[in-house]
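Letters are used for the chains, namely A, B, C, D, E and F, taken in the order the chains are written, and counting of residues starts over at 1 for each.
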Amino acid sequence: MVAAMHMKRAFYIGRFQPFHLGHQAVLEMIAKEVDEVVIGIGSAQKSHEVTDPFTAGERVMMIRHALGDTGVPHYAMPIEDIQQNTVWVSYVSSRTPPFEIVFSNNPLVIQLFREANIEVKQPPMYLRSQYSGTEIRKRIVHDMEWKHLVPPAVVDVIEEVNGVERLRNISKTDYA
Amino acid sequence: MVAAMHMKRAFYIGRFQPFHLGHQAVLEMIAKEVDEVVIGIGSAQKSHEVTDPFTAGERVMMIRHALGDTGVPHYAMPIEDIQQNTVWVSYVSSRTPPFEIVFSNNPLVIQLFREANIEVKQPPMYLRSQYSGTEIRKRIVHDMEWKHLVPPAVVDVIEEVNGVERLRNISKTDYA
Amino acid sequence: MVAAMHMKRAFYIGRFQPFHLGHQAVLEMIAKEVDEVVIGIGSAQKSHEVTDPFTAGERVMMIRHALGDTGVPHYAMPIEDIQQNTVWVSYVSSRTPPFEIVFSNNPLVIQLFREANIEVKQPPMYLRSQYSGTEIRKRIVHDMEWKHLVPPAVVDVIEEVNGVERLRNISKTDYA
Amino acid sequence: MVAAMHMKRAFYIGRFQPFHLGHQAVLEMIAKEVDEVVIGIGSAQKSHEVTDPFTAGERVMMIRHALGDTGVPHYAMPIEDIQQNTVWVSYVSSRTPPFEIVFSNNPLVIQLFREANIEVKQPPMYLRSQYSGTEIRKRIVHDMEWKHLVPPAVVDVIEEVNGVERLRNISKTDYA
Amino acid sequence: MVAAMHMKRAFYIGRFQPFHLGHQAVLEMIAKEVDEVVIGIGSAQKSHEVTDPFTAGERVMMIRHALGDTGVPHYAMPIEDIQQNTVWVSYVSSRTPPFEIVFSNNPLVIQLFREANIEVKQPPMYLRSQYSGTEIRKRIVHDMEWKHLVPPAVVDVIEEVNGVERLRNISKTDYA
Amino acid sequence: MVAAMHMKRAFYIGRFQPFHLGHQAVLEMIAKEVDEVVIGIGSAQKSHEVTDPFTAGERVMMIRHALGDTGVPHYAMPIEDIQQNTVWVSYVSSRTPPFEIVFSNNPLVIQLFREANIEVKQPPMYLRSQYSGTEIRKRIVHDMEWKHLVPPAVVDVIEEVNGVERLRNISKTDYA
């Protein structure tokens, strides 16, 4: 407990729409290098959009229960979009436990943390063409197989909140 | 894991400036009635003010490490002030895992959740005159004993971030 | 109908917490000088506060139904606080039908419209010590007579939304 | 008057850029099923854009004067975009008189109200290819016939505010 | 000095991503007609985007040092996007010294100032196909010649802040 | 010019309601230690309030014309309040030319810049009881001598915008 402040922590951000096995594989890899992972849930204010169907609370649930068995000590923290890149790093830092390294493949995230003199590593892309939120949302909308691409706990959360129906409904146009 | 969505959860909100033994006693009591507690960290956007010295991230750290040994399964979620009472319940609900009962003694919090048909219970005030954030901040500023009023992990966090010096500095006026 | 754009309109703003007989008397007087009155419902985003208990929608209802019989053709338009006095006149103007005269006793409102070269008249204060929102809210909280100070339709609205109970509840402190 | 709170009200939202005969036909149909219609003027903060040329105040004028003769008792309420779908229903509800049914063909509006357990009906699309804001704005820009597609009062409002010139001007590019 | 308030001032707005010789040529022309030029730096809150790579502070530096030798007395004022066209003119006016004429080729800027009864002139486009921010940013990203298109002081600022590297980095996609 | 980026700059922030001889004395002192002074105009969004009567643009004018003769090379940059202390330093830094030292007596400003590892010096208070915005505004309202407390150019600006009348008007209450 006394050592709490001295743990080595990494930061990893995604939108997790939804959280999938690609995310999980990367997090398990990151967990081998640090004591705890601070997971930023990006675009936290969004939900009920075709590209962002799930609420921040639903995504917190997905992550917590998916990672429960994996031995990835973590914090799942919603991060709202703020539209001002110059203050983004300090915004994130003030809403999260302290971290000393960032794992990201997003060019803007990499640039902003590097300008703030924070170390950034690029994790390997885990079968990205397959494990991608875009692909999974498309499969849900078109009634194709998708459950094998996410942890079982994520299937639970999506079913519990009627996420399949929600995503299909908001994917309709308002023309007959 | 499959049962994740079906756990009984309570919501408890505070500013936790800082998290103290009164908060901990109430949370231990709440934990006996539910499976998990969703802890809302209020006024999350504030810090470096005389009444709100610590950042949301620092308060997440206090809560996580203070509760680590206590057997209180929880989520610590920052909640920003939004200044529109009519949307506050839906704002909170969208940023947190689902909960079915609220524990609060704040008249506005009670009123808003009850208007939304969510059950509210008022927990006993645990030695409130002694265990209060106002009292603890006053003691820190005036160099009086305060460490016995908070969990040891909170002392750690405050010392690590130079919280005593920060609070004393911002308590000065700009007149000599 | 063709003359719609050419009607003479006045603007009158208040918080209407709640709408009372003093407001109504002033509006009836204003209605004698113009064709229609644009009523701005100030601090529209506020509710469930001791000084601002009612929502914008509830205040729209109060005004519409109180004025129904009085022959005061009007528009009741919510106006949110924007905290930037220099843009306030253009903000109001863009959210309301066009008006050519303002009735107000508020020094800031008078100053802002006059700087924008819009005519302002100060209506007589109608028994202000008696017909004041502050007085009426105090009476509601302390269980004193208040219904004779507002139009009957306002009593209806307040009762329908359990406004008396709401105002009393949020007036409590969270100390025993 | 006493019955004010007990009227049956429907909610109908649109951007009304501009208000046209298709809107009017739908509102006349809705008016047969309820006592009053609460008309939400969406994207109220927008104006002077190619897809949103008219201010909220101008749209209030269009609706009030177009519906004046039609026997559609209504409230025309500006609703600003808030970019947070999860709080949108409570946002709308707090700024409008209470309603018990929603009429909409917009998939997101339908989904959000249904998740909030509010009844939604889909009105028939009234000659949508003809009576559409997009079509009317295109006709105004290209100097084609458009006045037969809107109520006469809307022609008045648009002419009075020099709306044709405004829309054509903002449709230009800044390249010669 | 006493004459300060009585100087004739023009307003000219751009995003200046980056400030280039086309801007400078136009400003030198405007400076011949007025005593001082108020330069609005648009989208001031943006930076680190492919179309908006530089911060407001960096753009202030570019303008100040580029214009230092040119005899263009000016104020360089950041103007944030506000997304409400109806209040934009008063927003700009409250954040800038008073001006009596606007120079712009942007249709929306022209329309908004003209609706506010402020005179607008359209300056000649100075070799626009060549001197355009879009063109210069494209050249920087693709390692083509660009320094001849901007004043030497702008090259200095961009190099000092590692602007070339920044723009190239954020132009990458996150796919390998 | 080439050396532009390498100048030594200081940052100094105030509300300047209005700019007075105390500010000027401090700025002249700071100017001896650096090449240029970046002057932040705090609470830039405020005006027409008893404690903040002048707009950001008016304050820019005061500073520019008061410092014109004094040999204080400077930038006067409006800084809006953002209500999030943790991002304030990066917010300021992104809207201003780069600076390496801060001069301030405000405890919060000092604390925030020091936490960001930026050097802070406390300038001597120049006859603070006399040269204070509070004192000057009080004198203006009560028709006492005030012009000897500000530079002549500030008198000009205040008179030109009818600032005395404005401040007196907004200082009235709306009770007779």
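Structure notes:
One rule holds in what follows: a residue touches a chain if its C-beta (ideal position, glycine included) is under 8 Å from a C-beta of that chain, and two chains touch if they have at least 3 such contacts.
The model shown is predicted, which means the values in this text are computed figures rather than measured ones.
Mostly identical positions are employed by subunit C and subunit D in their mutual contact, as over half of the interface residue numbers are shared between these two copies. Each chain gets one centre point, the mean of its Cα atoms, and the points for subunit A and subunit C are 46 Å apart.
Each chain gets one centre point, the mean of its Cα atoms, and the points for subunit C and subunit F are 37 Å apart. Taking each chain's centre as the average of its CA atoms, subunit A and subunit F sit 43 Å apart. Within subunit B, the positions touching two or more other chains are listed as 47, 55, 84, 86, 93-94.
Chain contacts in this assembly follow no simple pattern; the graph is neither a line, a ring, a star nor complete.
Every pair of chains meeting the touch criterion is listed here: A-B, A-D, A-E, A-F, B-C, B-D, B-F, C-D, C-E, C-F, D-E, E-F. Those residues of subunit C that touch subunit B in the complex are listed here as 45-49, 55, 166, 169-176.
Against subunit C, in their complex, subunit E makes its touches with residues 84, 86-87, 89-91, 93-94. On subunit A, the positions that touch subunit B within their shared complex are 1-2, 4-5, 44, 47, 55-57, 60-61, 64-65, 68-69, 75, 77-78, 80, 93-98, 152-153, 156-157, 160.
On the side of subunit D, the complex with subunit A involves touching residues 83-86, 105-108, 110-112, 115, 125, 128.
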